[in-house]
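Please read the structure below before turning to the comments.
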Amino acid sequence: MNERIFQENNRVIKRFFNLDSQTYEEGALSVQTKEMLGLAASMVLRCDDCIRYHVGKCHEEGVSQDELMEVMSISLIVGGSIVIPHLRRAVEYWDLLQEG
Amino acid sequence: MNERIFQENNRVIKRFFNLDSQTYEEGALSVQTKEMLGLAASMVLRCDDCIRYHVGKCHEEGVSQDELMEVMSISLIVGGSIVIPHLRRAVEYWDLLQEG
Amino acid sequence: MNERIFQENNRVIKRFFNLDSQTYEEGALSVQTKEMLGLAASMVLRCDDCIRYHVGKCHEEGVSQDELMEVMSISLIVGGSIVIPHLRRAVEYWDLLQEG
Amino acid sequence: MNERIFQENNRVIKRFFNLDSQTYEEGALSVQTKEMLGLAASMVLRCDDCIRYHVGKCHEEGVSQDELMEVMSISLIVGGSIVIPHLRRAVEYWDLLQEG
Amino acid sequence: MNERIFQENNRVIKRFFNLDSQTYEEGALSVQTKEMLGLAASMVLRCDDCIRYHVGKCHEEGVSQDELMEVMSISLIVGGSIVIPHLRRAVEYWDLLQEG
Amino acid sequence: MNERIFQENNRVIKRFFNLDSQTYEEGALSVQTKEMLGLAASMVLRCDDCIRYHVGKCHEEGVSQDELMEVMSISLIVGGSIVIPHLRRAVEYWDLLQEG
């Protein structure tokens, strides 16, 4: 679908998509830390597709299960019980990735 | 004001406040990383009091200015231009803390 | 300011304002219960002006301090720690009303 | 899935889950009123899983259909037309529960 | 489902539904502009059912593909990367409508 | 404050700020329509600084008072009564601009 959107001649959308990728590149913070930050932000804003993406990236970047759970716990405390359904789906997806 | 609220005999509120403190204690993740996660979550939910609190903690925990700016950049990309007024106030408060 | 807005010939806005008032009238639920529902909704959406309005109405309708704190506790659990600054200001305003 | 999450040694998440249950226990307010408050908060935050849970609890606690509709109407006025899709699904689930 | 909800004797809900329809009628602004405004508001609030409805209306009202993409780009910049999954589904639905 | 932020060597933030400006440039849609779209999005997300900015731009671009009120009415219906405090402040600022 991203390819479909790139076919459009809308520069703002294209540039936003590029900028989105650059945001998570190694900088003063490691890719791992940045992906955890992206995950926490996605959790409290309750965006399942975004959560899934960042859980995948956290897995790739070697985040441990205890670390992941601490990202979840911060998101839960900040965002409240409405975060729970997303937390469940995030852990379900994480388990799937762990099983490989 | 927290003291005032603790005078109430509402156990749920008291326990939530205690739990909130425990959340940011050293664990699998460092206090520094946890405070940056709390900051990103507060930025995208646009809670100025929360942002101020976590910017202060990030400063105490030795987060560098470049690191702080990367937390801000992730929050901005995830949460969009409505984050900008909060980003401005966060940087303003950071500058104040840097001046000591 | 409401008077100023009613001077406009925008029917949708006028009708919305009227509908907003009707919503909290006695029905199957008492005005008291409705005002507590309005307060909980305003707390989790973090609208300080709305919270203040419904705290005032709860006070008028004879909601007790323990009841008010339970509305606050539900809002806090559902909405998370970002609700705390609003909870503080709500209790502060409640105390002011109690002092008369 | 809650059992799965309880297997983790993350105290914050476990305590939050326990606190979440305590919140809706009988207190100064009845369980019925608390469940309606939880429903209104879930409606305006547009969390379908949470809405479904509280609609079920309201049904168990003997909330009448007219009362439920008034909770919905307050949520609709406070949260606006974006609440409508959730209102539809809530009423659909309520009808299912009524049919038994 | 709207018919089902209209069977209820809840005046507030019925009036809100009527008011919702009136809002998008021709006025100082054209129906086309109003539907684009409704779409932008629905995009940033991330309500898929609402987005789908307004994308359909924009199509009926003769909004061009370039115009639609500009509504999307504004929503993306204002609301951030969490808007992306909704943008994808909106374009997918638009393509379906274009194919007729 | 924007100048202060531009002093930082954070490319993501700088590029986002530039992209934000490009978004509202004349395209398939006029600047006037784009500013109204930005205003509706800011209203439902309840960002006062953003609302103020777009109300100012709408005024510059010759949006009439009836048109502005229709943007407000759509925002109110989509976002609900929590939009009211922001609507009041928006109209207050508009009146100030009209007085010149």
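Order of writing sets the labels: A, B, C, D, E and F. Residues in every chain begin at 1.
Here is the rule we use: contacts are C-beta pairs under 8 Å (C-beta built on N, C-alpha and C of every residue); 3 or more make two chains touch, one makes a residue touch a chain.
Note that the coordinates shown come from a computational prediction; the quantities given were computed from them, not determined experimentally.
In summary, the pair chain B and chain D forms a contact in which both copies contribute largely the same residue numbers, shared numbers making up over half of all those used.
Taking the mean Cα position of each chain as its centre, F sits at the greatest distance from chain D. With angles rounded to a multiple of 5, the C-alpha fit of chain D against chain E returns 120 degrees of rotation. In whole angstrom, the spacing between the mean C-alpha positions of chain E and chain F is 19.
In this assembly, the C-alpha centroid of chain C lies 27 Å from the C-alpha centroid of chain F. Centre-to-centre separation of chain D and chain F, using mean CA positions: 35 Å.
Taken residue by residue, chain C touches two or more other chains at 12, 16, 19-20, 23, 42, 44-45, 50, 66, 69-70, 73, 76-79, 81-82, whereas all remaining positions touch fewer. By the touch criterion stated above, chain F contacts chain A in their complex at residues 11-12, 15-16, 19, 22-23. On chain C, the positions that touch chain A within their shared complex are 44, 76-83. Residues 46, 65-66, 69-70, 72-73, 76-77, 81-82, 84-85, 87-88, 91-92, 95 of chain F touch chain C in their complex.
If you check the complex, the residues on chain C that touch chain F are 1-2, 4-5, 8-10, 12-13, 16-17, 20, 42, 45, 47-50. Contact residues of chain E toward chain F in the complex are 19-20, 23-24, 27-29, 33-34, 36-38, 40-45, 50, 64, 66-67, 69-71, 73-75, 77-79.
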